[in-house]
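What follows are several structures.
In the two assemblies presented below, chain A is common to both, partnered first by chain B and then by chain C.
For the complex of A and B:
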């Protein structure tokens, strides 16, 4: 039995005493962290900049689709956690049995550990932009710092520090306006989805699948729900959960859109593609000079380091919750030794993958494709649990949540089926 | 059907799939395949040259730090080195393909050289000259791509 499952199925654990209003405001920061570190991670940075450079704003609708989808499912998982007091993955195993949960675990863990590697690589690349020291020299350092941070630092400290620092990516919104974009042209691209001259439908759909997967990465919902348990959400925190989802994720989506829009403004007219983090940062430098560049690099660092923490924790959360081990950042490492061991092994695997000298951007692209394949394994069980009155009582999904949930299930299934064939046919989007 | 038979069929199917994939990946390109390689190489070189122009101009405006510029040039030079290697490994299947290669190869080499010049420029005049050269090469690469849709 999992550590959290000692609580009743429908009763939430008691909230710690403290100023209610202030606590609620602070709790919203969890959503901001998830939005910045979770929504805007290396996958979003790469996919949105690539899409903007090659296709202009022709994929803007995919981003919107992804934001609505992640909001729908994160709301469900937040509600499940707030009402039951238990994380979603714990309930998936209990409700659907160990075999189905194992498929879910295998799919999401594989993708999450690969994503962790990509995030660590992203941190290394951000540090390279600031220092010009090769990212491979940074990778082991980042791995150790990440492990030490997750071992020692408090959950709330990490949440606030990286949530606020990640907001410096707002520089791309400012840069977009400073670049004086041809709004008529951008609107035309957004309103007429399809490949521009020189691209084909195969690469267009490949990029669409990658973008959609980057918005709906599986680890986001598991981290969100486990984070809710760490924050001791109860039914009283449902409002907080929903504000986090409906404010935090769209904020992340807006930042991702700004990355796409600035790339569309600077690179698309030059008919060039983007395949390095240094190129993604360029629009900020073009529009705002060194200050803009510094903010962009800081934002990349915070977003990727925050996401590395989330993916590392998410790997350990899912394994510990599946096997019923004690878990959580609120427990001392000695009390959750296996949880912290999985966390350490996940970081080591991520670092080892990067030390093969695979390009972190390429690793990110592969991660997005595999992530798309694993999406149904993550989202179907959440939909099932969110409809279980045994856990949620009268808080089960309403008609709207189920309609949106089923619609998105069909979309993630289509993306999962199309991902690998599109990868092969388009040679990883190369055309 | 016994489990061992099913396993053998599955193994044989996997082997066939693998062999097919290996053949597909390793066979020498035909004319259209070679043209695709040429266009990919030209595209990579074009992107690297255009990146060099953007970074160089920002350097002239004092909009980027030295560390950033070094990294950006390094990234671009790595991309060009990969493209050069890709072009060198592909064998032109006919005369038309060889002509295309002979048109592209000097442009790729020029991109690498001019990026190196920009990265090592000690003053604005040298950097300005390297940026102008990169701009010209990017245009020629663009023409090559447009001439071979």
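For the complex of A and C:
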């Protein structure tokens, strides 16, 4: 970043922090939307409820572990982006070189595009709940609407609309309290991690790795840092970045926890298992009636559509940043032809995968194996650059950020190594 | 400056901060007393493919060569004198319009993106 372009980056946009209360709420929409894609996208909505139904709150610690980890790394990547203007995949390429970065690109792109397909299916499933029209009929419609939205709409409009509407999922927090749960029992489950009678340790750990990997999924940092560039963050926006991270991700984790806890309250005592979106919505309907159900469906719709935008844009961001192409929604499509072509192809591939009638919820579980390659290769360069004074000057990592960063690198590596054997041994958590 | 650490694989920006490409490779030359110096930055998939090497690299470079207006043009070359400043990016002193167009961008713009309504609208 040359001196002249740094000034233009800081002077050009009206600062969002300068506005009134509404603007301040909207300033954290990026963090909220990013977190929704990580914690309550279609795979996680069902996985959290399934974990709650089968294991009670015995996986609650995994959500906490995931929230801390993604906060640590999103904070680092937000800081690097604000200070140097470089999004995460630029760092991956610079620090790992073209070959290893290409391996990361292939792995994370595979995960992200398949997840995109799953989210489009998730939007279809939410629409199926509302209309009783089969989700497969909705899939092409959703694909076209998604593409048109990403082609035309402003980035800030997208994040505000879907970040805020996704928060309708707080209905599960309200439902949890209305269900008058047996808190002693739930606390006992949360404090004694492990499989209850009838479940085994293999399945328990498979669910734990799945929930952790999706909390730390690489497209979150790609999207978050690229979103920072789209919003023209500069050093002045470090606070905005931090507030986004430390409000957005815990909020996402809380919504995921509410899904787990309501399922643990309603389904676990009955020893019922959950494998469909309609069942996940049931606790909200039981506690709050029709309105609760409507809010749950709206929340599912917004969260999955938001996650579809996040994964779609992330696919195009990473490819463009690997090759150094012009990218982003802040440019006219004509000025970023390669970026918009990748976006279009990603949506087409996602829709095509779903049209094979593969189960969108299972699809997100398969992608876990491939994120195994991408996770360490994404987080290592962030940690390295966050310590580089050439990028960050005096704003390099402190001791706390480095300790947490190194610790999570080890956890991510362990989870990546354990994922495939666990998947084979437990037959995808089937037990 | 270490070429491998501070230059290769960095983002190149023009004088307005618009992305030009990555430093996919560099061209070295020898001055009169035999000291090597960086003569030019090479950018584009042709340079990248040659640097990655192997079957995959050849494939990437071949596609780029096929799309180029002139097959023997070689990779896009930016003389090092045009570099104004090295920071977390390589900042040029010129606008990107004066540099050769990336062939893939031109092709996709003319054949696909510019034909869709709204392609020139600012969002």
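Please note the rule applied: the second predicted complex is superposed on the first by the 397 of 431 C-alpha atoms of A that agree within 3 Å, B and C clash if a C-alpha of one lies under 4 Å from a C-alpha of the other, contacts with A are read in each partner's own complex, and residues count from 1 in each chain.
In the analysis below, a contact is a pair of C-beta atoms (placed from the backbone, for glycine too) under 8 Å apart; a residue touches a chain by one contact, two chains touch by 3 or more.
What you are looking at is a predicted structure, and each value in this text was computed from that prediction instead of being measured.
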_After the superposition on A, what does A:271 contact: first (chain B), second (chain C), both or neither?_
first
_First (chain B), second (chain C), both or neither touched by A:318_ = neither
*asked:* Let me test your reading of the model: by the given contact rule, A:327 touches which partner, first (chain B), second (chain C), both or neither?
replied: second
*Where does A:165 make contact in the superposed view: on chain B (first), on chain C (second), on both, or on neither?*
neither
*Please indicate which partner A:108 is in contact with in the superposed arrangement: first for chain B, second for chain C, both, or neither.*
neither
*Most chain A residues touched (candidates chain B, chain C)*: C
*Looking at the overlay, what does A:97 touch: chain B (first), chain C (second), both, or neither?*
second
*Scan A:281 for contacts with chain B and chain C and give back first, second, both or neither.*
first
*Set of chain A residues, in rising order, touched by both chain B and chain C*: none
*Over in the complex, which chain B residues touch chain A? Could you list them?*
40, 43, 46-47, 50-51, 54-55, 58, 61-68, 70-72, 74-76, 79, 142, 145
*Using the touch definition up top, name the residues of chain A that touch chain C in the complex.*
1-5, 8-9, 84-86, 90, 93-94, 97-99, 101-102, 151-155, 323-327, 329-330, 332-334, 337-338, 340-341, 390-391
*Can you name the residues of chain A that touch chain B in the complex?*
128-132, 198, 266, 270-276, 278-279, 281-282, 285-286, 289-290, 293-294, 297, 430-431
*Residue ranges of chain C touching chain A (in the complex, touch as defined)*: 6, 8-13, 15-22, 24, 43, 45, 48, 51-52, 56, 84-85, 87-89, 91, 102, 104-105, 108-109, 112-114, 116, 118-123
